[in-house]
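What follows is subunit A paired twice: with subunit B in the first complex and subunit C in the second.
So, the complex of A and B:
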């Protein structure tokens, strides 16, 4: 009983800290590429709106980057403190992959981030753009290594087990494991969408308050084009990812669908798609199911009457927590559909000439601001809870991976994490939102700024690169 | 001073060698700063008894 509680607390601690963490790198990945696009467009078109937007978003990027680094450190330590048996078992694979990520973060992201923040007046536009592009590529390379490590835990290959420890025998097979390409693309695109929604919501907030300027319109327009073009593509990527999961982790897909086996008989033929319901793990059925006949077959097997293994085909001790997987998957998909709707409505409003002044549409864009991040969290809950009871799928159970700490130790440290995180990152997020509230300033990049090497005020850390007086709000219109 | 900085910001008039020098200097300073922080953390961890095998 106590051991089960300790295991649950260790899992809760990891879930809490990584849920906080993932928000920041997701925005970092998206904003880095957005900044590269903005600076490239400025250099190509000479339109200073892009430069002004760059100066606005680079400050938010710096703060976000700092919070991502700090919250990410905790994850690495937890592998050693709370999951020592996992680290002993699989560290020869996960350790090097995470080390590559750290090297990338050091030499590409952090190094050239310094040039981004402090080199504007020193290195010239071409080299500065080069630095921004390198940071953007660095964030994607970091994503590559993190996703390689996680994907290996989902679909392990390229290893042998010698004396109870995983030993890599084929690094290419380890890295390019079967689920890796799908996860990498799905997560990267999710980060772009989450950032676009954040940018779009920021612009919508300013437009709703009457702070209408060409820079705000430009970033709103760019964000809505992302919804139009990328949100539907993400749905297709998700479909491919689902088919890959069905091939390698069928129990996870059965939990996502609330499919226990036998639903086909009730329907006559073909697998229904259960839209809503409550999976009951005791009774081994999904209660109150609202389903569409044959749609499950169409989506999962791309045929009219195809079927998939039901949860009853797996021993009860090999099944994940079905209600969590079932509902987190629906939250992710539902938000994805709302993103597609937002993109479609933006096209309609653009065509009607009402993109920037339709209040109901702007409110919808504002409400969708956190949707990308919530969808990312829901997607990760789906895939991580869906992998249970395995920490390395088919090789090591989660209960065998946890360190031998007492429930008291884990409970107290979890409580401390909650308090410290809410204080530190709550303040960080509040500061970010205050920066957003200030809004893009026209001709900001054309005037001299303080700070940076050789300047009267030396900015020594990413957070201190934010030099604006936050009280100097852009309330020229009375702050409506 | 102000005029030189303006030229530097616009980029075209500063010699490439000087601009590359600033790029390398800022890059090295950034990496060294992060490395210093990582080294301090390692010292702290060693001080409280955490060691590698």
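So, the complex of A and C:
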């Protein structure tokens, strides 16, 4: 009993610290590419709006990057403190992949980030743009290594097991494991969408307050185009990712669908799509199911009568927690549909010429601000809880991976993490929102004086790229 | 092939940890000295001396963690499990002071004291528990069937607690000599006065540890005191004494740079002494770097990246310190 409790607490702690952490890298990945696009457009069109937007968002990028580094420090140690048997078993594969991620981040912080944040007047526009692009590519390279490591845990290959330890045999096979390409693209696009929703909501907030200027309109317009063009693509990518999961981790898909199999699907009627319901793990059925006949077959097998393995085909101890997987999957998909709807409505409002002054539409865009981040978290819960009871799918069970700490130890440290994170990152998020509240200032870029690495004794760190005082409330003109 | 990959990785990680101790040491020291710097403007100056470099210093710690997982997964899992609570406390301390760096300057006047306290508390906590981790690690961690069999509070023992306190003084010395180098006027004067007792306390602590470890462990006694080792290793304690005497002289003559360099030398010698005692074990008391190493495929793959990028990091670090050289005066840096 206490061992189960300790395992649950260890999992809760990891879930808490990684959930907090992932928010910052997701926005970092999205904003880095957004900034590269803004700077590219500024250099190409010479439209100063793009430059002003760059200077607005680069500050938020900097704060966010700093928070990602601080919360990431904890992650580098969680594998060992909480999952020591996993680290010992699989460290020979996950370790080098994480080391590459750290080295990439190091490399970025070492050079191009400094030029990007402090070099506006110190280097030529070409070199500055180059630095921004390298930082954007670098965030994607970091994503590459982290997701290679995670995907290997989902669909391991390219290794042998010698003396109870994983030994890499073929690194290309390890990195490009079956689920990796889908997960990489799905997550990168999710980061872009989450950032676009955040940008769009920031603009909507200003527009609703009547703080209308061409820069605010420009960023709102860009964000809505992202919804139009990318949100539907993400649905298609997600579909491919799901089919890949069906091939390699059928129990996870069965849990996502709340599909138990057995007699209910035996009569060759194809697979219904359960829209809502309550999967009951005791009774092995999904209660109160509202379903559409044959739609499950169409989506999952792309045929009228196709079927997939049900949960009953897996031993009870090999099944994930079905309600969590079932519902987190629905939250992700539901939010994704709302994103597509937002994109569609934006086209309509744009066509009617009401994109910037329709209050209900702006309120919808504002409410959708956190939707991308929530969808990312829900998606990760789906895939990570869906992998259970395995930590490395088919190779090592989570219960065999956990360190031998007592429930008391884990409870105390979890409580400490919760208190400290809420305080520290609460302050950081409040600060970010204060920056957003100031809004983009026209001609801000022309006044920009912050120097490059040669600027005497000014800190060259991400968070200190921001010169705003917390004292400055909204509406200040920034020209202090 | 003949390339000793575990040895190379042990050197890389050893180097990374040393860089961390030397570099994050002086900026943690600033936080430890904060209670002795009551004036707000002096506090601003003190913090500004390390503001440009502290987070670069801390990334060595992340590299150490990731490198250890990649190259010595057994050590990573045993050390991090055995020293779970002190490591968590250390990380939380580092988070607090890292955020305090940023928000102290951005806070409203009546909020600033919160971040001052976070900075002091975080620095003390991080340093003390780093010392505890060091002491517990050096005294050896038992391993049974590839796991740590001990309890969560086994690190509460005289030796780790002593090294915890000793490291607080060591980092304070690094911090005070750093401030002597980087500041002037009243703040520098204060630091000159503080440095002398700090140095004697640290010297006493080094002496205690140098006697305590061989008395606890006959293998370490054998390592240092048998012939001919005693000839080879005698420069280490002799250099410690020499560095201390030179520092006394430099302090008496009001030299600005020499005390910091000598403090770095003292720390390096202490680190070297522990390395000599422990060699070739990476998991004291008896697991060597070759026994704990990851398979060669992992070591080789990760080494490619490390050799490509670490030189670049070193160049950049040197450049950053070069850019921010010289004295820091009130009003510099932040507004």
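Observations, loosely collected:
Definition applied: the second predicted complex is superposed on the first by the 448 of 480 C-alpha atoms of A that agree within 3 Å, B and C clash if a C-alpha of one lies under 4 Å from a C-alpha of the other, contacts with A are read in each partner's own complex, and residues count from 1 in each chain.
The working rule: a residue touches a chain if its C-beta (ideal position, glycine included) is under 8 Å from a C-beta of that chain, and two chains touch if they have at least 3 such contacts.
What you see is a predicted model, and the numbers here were worked out from it, not measured in a lab.
When the two structures are aligned on the shared chain, A:70 is found in touch with subunit C, with no touch to subunit B. In the superposition on chain A, A:85 makes contact with subunit C only, while subunit B stays out of contact range. After overlaying the two complexes on the shared chain, residue contacts for A:406 are found with subunit C alone; subunit B is out of touch.
In the superposition on chain A, contact of A:106 is made with both subunit B and subunit C. Of the two partner chains, subunit B is the only one touched by A:127; subunit C is not. In the superposed model, A:161 lies in contact with neither subunit B nor subunit C. Touched residues of subunit A were counted for both subunit B and subunit C, and C has more of them. When the two structures are aligned on the shared chain, A:433 is found in touch with neither subunit B nor subunit C.
In the superposed pair of complexes, A:415 makes contact with neither subunit B nor subunit C. Within subunit A, the residues touched by subunit B in the first complex and by subunit C in the second are 73, 106-107, 110-111, 453, 460. Every residue of subunit A that touches subunit C in the complex is listed here, in rising order: 66, 69-70, 72-74, 76-77, 79-81, 84-85, 87-88, 90-96, 98-107, 109-111, 162, 164-165, 167-169, 171, 403-406, 408-409, 412-413, 416-417, 420, 424, 427-428, 431, 453-454, 456-461, 463-464, 466-471.
Across the complex, subunit B is touched by residues 73, 106-107, 110-115, 118-128, 131, 448, 453, 460 of subunit A.
Residues of subunit B touching subunit A in their complex: 2, 5-6, 8-12, 14, 19-20, 22-23, 25-31, 33-35, 41. Touching subunit A in their complex are the following residues of subunit C: 48, 51-52, 55-56, 58-59, 61-63, 65-71, 73-74, 76-81, 84-85, 87-88, 91-92, 94-96, 98-99, 101-103, 105-108, 146-148, 152, 294-295, 297-298, 301-302, 305-306, 308-310, 312-313, 316-317, 319-320, 323-324, 326, 328, 332-335.
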